[in-house]
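Two complexes are shown next, each including chain A; its partner changes from chain B in the first to chain C in the second.
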Partner chain A sequence: MTLLTAFARAEAAAAGRAQRIRTVRHVHLSRRPLVVIPLQLAGEACAPLAVMLGDDPDKPRTLTVYEPRDRARRFEFAADLAEVILGHLDGYLPPDDPDVHAGTPTQGAPAQGAPAQGAPTQGAPTPGAPIQGAPALEPLPDAPQLLVPNPNAAAFLRLLGRSTRLRRTDGEHAVRPTVPLLGRWLTHYGERAEVPGSALLLAMTTALAEHWATGQSDLEDANLAALLGWVDPPDGLTGQQAARLAEDPVRCPPAGPVTDPTFDNEVLEGRMAAIRDATEAGDGPALARAQAAMDAALHSQLAPTWDLMWRAHALLAELPEAAHAQRRWKDDRRSFTAQAAWLREGGAPQPRRDSAVAAAKRLARLEREQQRLAVERAHDDPLVMAEYRLTGEAFAGTVVDADLTRLDTDGKKPKLRPWLIVQTTDAVIVEPDAVLANPAFPGQAAKVIEVADASREPGRTLVTLELSGGMGRALTAPPGSTPARGDAVTYTTLRDDFQPAPQFPSREETPWTHGGPPPEYVPTDDDAQEAWS
Partner chain B sequence: MTARQPGAGLQTGLDRLRGRALPKNHDARTISALAANPGCARRALMDAAGVDKQRVAAHVGFAAQFGQSRFAIVRGNAFEAQVKENGAAQLLILLRDLLDLDVSEVGYADFNDVGGNSSAELRHLHTRHVLTAPDQPGRTLLDHPLLRLRVGGRHAYLEPDLIALRLDGTFHVIEVKSFAVIDGQADPGKVAAAAIQSAVYVRALRDLVTEAGGDPAAVSHKTILVAPRDFSSQPTAASLDVRRQLGVLDRQLSRIASIETLLARYPGTLTFDLDPDAQGRPRRPAAELAAAIGQVAASYAPECLATCELCFLCRDEAGGTTGALGKPVREDLGGIEYIAQARSLARGQVPAPEQAEIAAQLLRAAQLRAQVLGEAV
Partner chain C sequence: MSIAEAAERARHATMSILADLATTEQGVVVDSPPGAGKSTLVVGAATELAKNGERVMIVGQTNEQVDDLIDRLATGSPGTAIGRLSAAAYTPSERVAGHQNVAARSSVADLAEHPVVVATAAKWATVREAERPWPWAIVDEAYQMRSDALLRVARLFDKALFVGDPGQLDPFSTVETERWLGLNWDPMSSAVAVLLTNNGHIPVHTLPVSWRLPASAATVVSEAFYPFTGFAAATEAGDRAMTWNTRPFGKTSFDLALETAATTGWALLELGHRHTLPTDAEAIAACAGLAARLLQRGAVTISERSPDPLPVTADRIAIGVTRTVQTAAVKRALRELGVTNVVADTANRLQGREFDVTIMLHPLSGRRDATAFHLEAGRLCVLASRHRHACIVVARAGIPELLDAHPSAEPVHLGVPVKFPDGWEAHQAFMAHLARHRVCAA
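Here is the complex of A and B:
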C-alpha cells in the first residue's frame, strides 16, 4: 500500500463510498469474456460441485456434479465443462484446420512427448515465453478471456487443470479426449494468471480493488459482493451498509469456490442424500426430482454472483483503457497462440513440476514483468504517478525555458541535446546526472543537469534537463518531438528501459547443483491413475 | 515457571464471568488465535472463562458465521481414522519410508479416556504419568494425550487430535490434517496454521516434561505433518520445523496479561451470563449484555474476522479508526489513530509537533488527489 491509497481508503470510509485510485483501466477487458464461477465440495482436494458459466449475461449455463465424491462423476463433469470452454476457445482459433478442436493433439502423429525433438529448447512447454533466439510468434488477433470472481476461483481452475491434464483417454479409467485437453488449457490459464499484468484469466475482486479504494480492509475486499457494495452501492445505502448486508451468506451467498457451511449442512447434504437414495432405489422420477432440487439449490447460490460479475464488468468497462494495457494483452494473445500451436503439434502436457531451468526462467520473467507493470502503470496514469511524486521519484511542473536547438559539440560530431528548465512545486530529490523519463515522450531520456531553488518564489524548484533520443537524426528536433516552453510535463526516475533477460543454461546444461539435466517429462501410468488411488 | 493451580478466588471470578453456560475449552486453534492478538483483553478474559463467544455475539446482534461444513468434518474424520486404523499401520509405513524413522515394534497407547472417567484433570495426570514414567517402552505412538498450557497464568487443557511419537527418548508431535498436498505443495496458509498449532503442542509437551523433571529438549521441534497426497486419500508425511513458530508463540504468550490482573480491573458484578430459561433461551436484555462486553477493551484488527466469534461486534466498535482499515493503512497514515484526524490534517489542520511530518505528507496527498482527479474527471 502507499500513502495515497491509504488516504483514499480513509476518504472512502468517511464518504461512505469507494474512491478512485486509478484514472484509467489498467487491465484489458474483452467485450465478450467467458465468466466462470466454480463451486467445490468442502473438505475435498479438488471436487467440483457446480459451475455457472457463459459469455452472455442473459444466458448462464450451469453444470452440476450430483455426487462430487465419486471420481467418475467428476470426470464426466470435466467432459461437459470441456465442451463449453473448448467450444468458446475454438471461436478464437484460426479456422484453417477444421479437424483441430481447440488444438486437439493429433493422435497417431508424433508420439506423445516426442515432438520435443522438433523443438529441443522447449522440453517443457512455456508457451508465451519467447524462446531465446527464436523469433516471437505472431499472435492471433484476439484471445478468449476468462473472468472469475476471486483469486481462489482462479486457483481452483488451475487445480482442476492439474487434476485432469494427465488423465488417459484409453485403458482403465479412460476419460473422454476433451478432458486432458481442458486440463492443459486450464493449466495454461492458471499459470498465466501469475504473470503480473496478464488479463487472460482475471479475478474480479483483484481487478476492482486495483482501481478503487474502499472504506474497509483488503481482507474484507476479498468478498466480491462487499467490495462491489462499496464501489457501487444501491440507492439509499452507503457503501458500508451495502457491504455489511453483502456479508450475510443467506442474502448474499459466497462467490465461491467454497460454499457457505450453513448451506452445506442445511440444504446441500439433504439434496445429495435424496439423489443417492433415489439412485439406489432405481426410482427414475424421484431421481429426476431430486436432481432438479439440487440444481435449484445450487442455482440460488450461483445466480447472485453471476449478476455481480456482469455488474463489475460493466463498471470496469466504463473506465477508459490504459495505453499499455494493449501491449500486455498482446503478450496474453501471444501466450494463447503459442499454447494452441504447442497442442496442435502434439506437445506433451505441462509436467507435474517445472525443471530447475524452467522454474528459474519463469521466476526471472515474473520479476521483470512486475517491474515493467509498475513503470507502465505510472506512465499511463497520473494518479499512479502521483504516488511517485509524493515519494520524490517523480515531479510534475511547467517548462519555463527551453533551448531546443542546443548542440553538444564535445565529440567528433555535434549531437542534438536540447535543454529544458522545468519549474515544479513537487519535492525534488533527484541528483544531477540522474536519467529521467517523460511518459508523454517515450524513448526520450532526460539527464538532470542542475536542481536549484527558484530564488524569487519559495517552495518552487527549477530543474534543468538535457534531452536525448526520440528526435530523429537531424540536428534540429522536429516539431512536437520534445516538450516546449509553457508545456505541463512530468519527469520520473521510473524508466522503461530494462536490462536484457539473464542468460539461463539449456535444460541439457542444468548444473549439478540443480540436479543436473532432468529427464524428459513423459506422463506415466502413475500420473494417469493418481486420481483413483 | 511454577505449575500453580489457579486460586479459588480466580476460578470463582471466571465462573462468574461465564455465568450458567457450560465452559468452552481452549484448543490449539483458539490459543494460536489468542497468541496472534495478545493485546486483546476481551478475548483473553472470555477464553479463560470459557465463555461461548458465538452465543454471546449472536445475542447482542453480531452473530458471526464460524460453522464448518459437515462435508469437511466427515472427510477430516475419515482421513484421520484411516491413518490410525490397525494400530496406525499407514502412519508407520510413512514414518519409515518418507522420514527414515526406525519404527519397528512400535507400541500404541490411547488416552481417550481413563477407565470410563474422562475428566480433563484426570486424563492429563494419566498422560503425564505414562509419558514420564521411567520404565516406558522405547517406541510408542501416543494417541490423544491430554496436554495443558499456561495461558495468562492459567492452565488451559488442550484436547488435541494429536498423536505423539516417542522414539528412543525423543517425542515428535504428529499432526493429521485433511488438506491435500499436491505435487509436494500445499496451501501455504493452511500449512502455516498447522505449524503454529503443532508449536502449541510442542510447547505443552515440553512443559509437561519439564514439570516431571525431564529435559524439554526431549520434545523435538521437528513435527510431522500427515495429509492426503495429490487427489487421492493416501496419506503423505512431511517434516515441519516449528522453531520459528515456537519463538513467536512464547513471545506472544508472555505478552498476554495475567488473567488474575485482568480480572481485578473489573467490578465484581461483571458477567457475560445470558440468563437462560429452562429451554436454554437467553433472557438477558441485549443492551445490558452489550454494556458488560463494552467494559472490557478489545483490540480489533481485520485479521480477527477469520478467527474470533466476536469480530463483528468489535469491528463495529472500531469504526472510525484507521486500524479497522488494516494495519498497513494505519502504518501508511503514520500511525494516526482516527480517520477523522487523518482527514483534518490532510485539509490543513495545524498538527501536533510529533505529527508534523505525516501531516505535511497528508496535505500533499490530498492536493495531489484533488489536482489529478480534478483534471481527469
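Here is the complex of A and C:
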C-alpha cells in the first residue's frame, strides 16, 4: 500500500465514506458489458451450480445445474452457458464475417492450412495479447467486456474454460460443439485478465478498490457488498454501518463463486434432495415444483449481487476515462480480434501447459505491460503521480529559470539542448545524469544536471534539467514545445521509452538447457480425460 | 585452518572442476559460497580454455559485474586479448579502460580476433546466430540469471561452465508468475535450476573455502544460509584485524558500534522500536553517520594480503539496503555529511561485490509485517556476506518479535523443490547471533 492510499484509508475511516484515490478511471468500461455471476457447489473444485448473466440490468438470465455432481448435467449447463456467452460475443463480430460457430473445428481436426498447432509461435496469429513486431492486425471497433464480481469469479471462469476447451464432440462423453468453443473463449478471457491493464474480463472489487480507498482492510474489500457500502453508502448510513450490514449473509448473500454455508445446509441441501427424490420417483410435476423451488432459492442468492454489479458499473462509469485507457482497450480489442481469427482459421485450442519458449515470451510481455501500465497511470493521473512524488520518484515545481536557446557544441554539429531550472518543495532523490520525463511533453527527455538546495529558501530544491527531443530539428525550439519560465511542471523517473521487445528462439529451436524442442502438441483423448473436478 | 591448508583445498577443488570440464559433454555447475574464489575460477577456466585455442564467451548479469570481471581477467591473464561487447552508448569504466588487452566494441564481428569475449546476458541475447556456435561459454552469477535469459543465449554455445552463489537472491518479477510453478522450464527459476532439472547428469561442484569472509563471519553465514553444503573461512581469527588511527571522543553509540565491529567482526546498532516508512530518516542517518565516523576515525586493517596496516578508504565501505528509495536517501545523507565514494546500493546490486566493511540497513527494520520479499534468505545473505573485516547492522528494535509474529506461510506447490534455507529461519538464526553484538543507540 502506498503512503497516499494509507492516508486515504485513514481519512475514509474518519469520514465514514470511501475516498477517491484516482482522478480518472484507469479501466475501460463497456456501456453494455456482459455481467456474469457464477456460483459453484461447495466442496467441489469446479462444479458450477448456477450463473446469473446478461447485458441488460433489467433482464438477467439464470442458468442452474440441478445436480452439479452429475457430469452430464454440467456439460448441459456448459452448453446453455455457451449459447448465452457466444451469442453475446457474436454481436461484436462483423456481420459479413462467418460467425465463430460456423468455423468451429472439431477436436483434433484443425482445418487444412491452419497455422502450426500448439503454442502459437512467432508470426502466427496469436490468441492472446498482441506481440510486438507481429504483423499489426486491425482490431475490431469494439470487443465484448465480461464483468464478474471478484477475482475468484474470474478464476472460476478460467477454470471452467480449462475444463471444457479440450472436450471431445464425438465418441464417448461427447459434448455439444459449443462447449469446447466456450472453453476456448473463457480460457482466452481468463488468460487475458492476467495482462496488467487489460479490461476484457474485469473483477468489480478490483476495479472499485483501485479507484476508492475504504476504511477497511484489503481482505474486507474483497466483499463486493461491503466495498460498495463504503463507496456509496445508503442514505443515513456511514460506510462502516453499510459494510457491517453487508456482512449479514441473509441480507447480502456472498457474491460467489462460493455460497453461504448456512444457505447450503438449510436451503440448498433440501432443494437438491427434493429434486433427486422426484427424479427417482419419476414424478414429473413434483420435479418441476422442486426445480422451481431451487431456481427461486438460487435467484435469491444471485439477485442482490446482480443489482450491486450494475450499481458499481454506474459508479465507475461516472468517472472520466483516463487518456491511456483507450490504448490498453485497443490491445484488448486486438486480442479479441486475433482470437476470433484464430478460431475461424481452425487453430488448435490453448495447450494445457506453456512450452519453455511460450512461457518466456508471455512473461516478457506481462512485464512490459506492467511497466507500461505504471507509467501510463502516473502520466494520466495527478493522484497517482502524487504517490511517486511522495517516494521521490517524481517532483512538481515551477520553472524559475530557462535557457531555451542553449546549444550543446561538444559534438560535430551543435545540438539544441535547452536548460531549465525547476524549483520544488518536494523531496528530490534523483541523482545527476538520471533521465526524467514530463507527462505534459511526451517524447521529451530531461537529463538531471544538478540538484542543489535553494540556499535562500530552506526546504526548496533547485533541479537543473537538460531537455532533448520533441523540439523539432531546428536550432530554436518552436514555441510551446518546451516548458517556459513560470510554468508549473512535473518531472518523473517513470519514462515511456520502452526497449524493443526481446527476441526468443522459435519453439523448434528450444535449446538443450531447457530440455530441447518439445514434441508438437496434438490434443489427444488424454487431454479430454482431465477430471472435471 | 591455516591459509596454506585452505589454498590446498581450493586447489584440489579447482583441479577436479577443470578435469570435469575437459571431459564433459554439456556443462559443469560450480556452486560458490561468498568470496570462495569464483572470479579466480572464471579467470582460470577462461585462460585454460583460451590457451587450448578455443574461443570462450563469458556471460555476466550486469554491466558492473562484467566490468569487474574484465578487470580481473585482464590482470590475471595479461597475454589474452579480451573483447568487451557492449551497447553503443557504453563508455568503458576506468577499470576497463586501463587495460591494454581489452577492446570494447558494440558488434561481435569486430571482436572475431579476441579469444575471450565478455558481455551481459542481455547483450548476448541481441547477438545474431553465429555461423559456428561458440565451443564454450562461462556463465557467471548463474543463480542470479533468470532461466528465460538463458533461453535467449543458450543457442550461442555448445558447452558451458555455470558458476554462481546459490545463497544469493533468487530472480524476481513484477508480475504474477504462479502459472509456471512446477514446470521444468519455469521462466522465473534460476538458470541453474532449469539446467539441472532438464539435464540431471551435469556434475555440480562446490568451492570449499571463503577467502573473503573473516573467521568471525564464515561460520555464521555458513550455518544460517548454507546449512547443507557449508564452507569454512580460509583465514584464522588472528590473520585479520581492524584498528583505528584515532581514539574515540566520548562514548557515542556510533563509536561503540564501531569498536564492537572492529573487535568481533559484527555489530548491531539498535534504534528505538518504531514503525517507519522504508526511508526511515533516523536509520538512514545512522547508516550514513557510521560510514562518516568510520572514515573520521581512520580505520586501518591488517590481513593476509598485507602485513602492513592499510587504511580503509571510502570505496572499501558499502551501505547495503533493501529498496531503491533507500539507496537514494542514503546517498543524499552521505552527500550532506560530505562523504563521497562510499558505495550505497540495494542487495540486488551488491551481489558479487566485496568490501572491507559493510553497513547494512536490516530489511525488517521498522516494518509492521514480514512479507516474503523482506524475509528472503538471499537478500539477507548478500548483505551479510560482502565484508572482509566487519559488518555493522542498523535496525529498529523488535525484529525477533516481528519474526515470531510472522512465521513464513508461503504455499507449497507441486513439482517445486523446497528451498533451503527457509528465509524465516535464516533471519532468526542471524538475529540470534547479532544479539550478542548489540549496541543501543542513545
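Everything that follows uses one rule, which is that the second predicted complex is superposed on the first by the 497 of 533 C-alpha atoms of A that agree within 3 Å, B and C clash if a C-alpha of one lies under 4 Å from a C-alpha of the other, contacts with A are read in each partner's own complex, and residues count from 1 in each chain.
Heads up, the rule we're going with is that a residue touches a chain if its C-beta (ideal position, glycine included) is under 8 Å from a C-beta of that chain, and two chains touch if they have at least 3 such contacts.
Quantities reported herein were computed from a predicted structural model and do not represent experimental measurements.
**Student:** Looking at A:Ser217, would you say it contacts chain B, chain C, both, or neither? Reply first, second, both or neither.
**Tutor:** A:Ser217 sits against chain B, while chain C stays out of touch.
**Student:** Between chain B (first) and chain C (second), which does A:Arg162 come into contact with in this model arrangement: first, second, both, or neither?
**Tutor:** first
**Student:** In the overlaid three-chain picture, which partner chain does A:Pro94 touch, first (chain B) or second (chain C), both, or neither?
**Tutor:** A:Pro94 contacts neither chain B nor chain C.
**Student:** Once the structures are superposed on A, label A:Leu383 by its partner contacts, choosing first (chain B), second (chain C), both or neither.
**Tutor:** first
**Student:** Who does A:Pro478 touch here: chain B (first), chain C (second), both, or neither?
**Tutor:** A:Pro478 contacts neither chain B nor chain C.
**Student:** So, A:Arg353: does it touch chain B (first), chain C (second), both, or neither?
**Tutor:** In the superposition, A:Arg353 contacts both chain B and chain C.
**Student:** Touching A:Trp512 in the superposition: chain B (first), chain C (second), both, neither?
**Tutor:** After superposition on chain A, A:Trp512 lies in contact with chain C alone.
**Student:** After the superposition on A, what does A:Leu3 contact: first (chain B), second (chain C), both or neither?
**Tutor:** both
**Student:** Specify the partner with more touching residues on chain A, choosing between chain B and chain C.
**Tutor:** Between chain B and chain C, B touches the greater number of residues in chain A.
**Student:** So in the superposed three-chain picture, is A:Gly284 touching just chain B, just chain C, both, or none of them (first/second/both/neither)?
**Tutor:** Once the two structures are laid over each other on A, A:Gly284 reaches no partner at all.
**Student:** Please report the chain A residues shared by its interface with chain B and its interface with chain C.
**Tutor:** 3, 353
**Student:** Where on chain A is chain B touching in the complex?
**Tutor:** Answer in residue numbers: 1-11, 13-14, 20, 23, 41-46, 159, 162-163, 215-220, 249, 259-262, 264-265, 268-269, 352-353, 382-383, 386, 389-390, 427, 530-533.
**Student:** Where on chain C is chain A touching in the complex?
**Tutor:** Against chain A, chain C makes touches at 26, 125-126, 147-148, 150-152, 154-155, 160, 173-177, 179-180, 183-188, 191, 194-195, 198-199, 277, 279, 325, 328-329, 331-332.
**Student:** State the interface residues of chain B toward chain A in the complex, per the touch definition above.
**Tutor:** Those residues of chain B that touch chain A are 65, 67-76, 178-180, 182-184, 228, 230-232, 234, 302-303, 305-306, 320, 322, 324-326, 328-329, 332-333, 339-340, 342-343, 346, 361-362, 364-366, 368-369, 371-373, 375-377.
**Student:** Using the touch rule from the top, collect the residues of chain A that touch chain C in their complex.
**Tutor:** 3, 194, 196, 353-357, 359-360, 363-364, 366-367, 370-371, 391-393, 429-431, 502-505, 509-515
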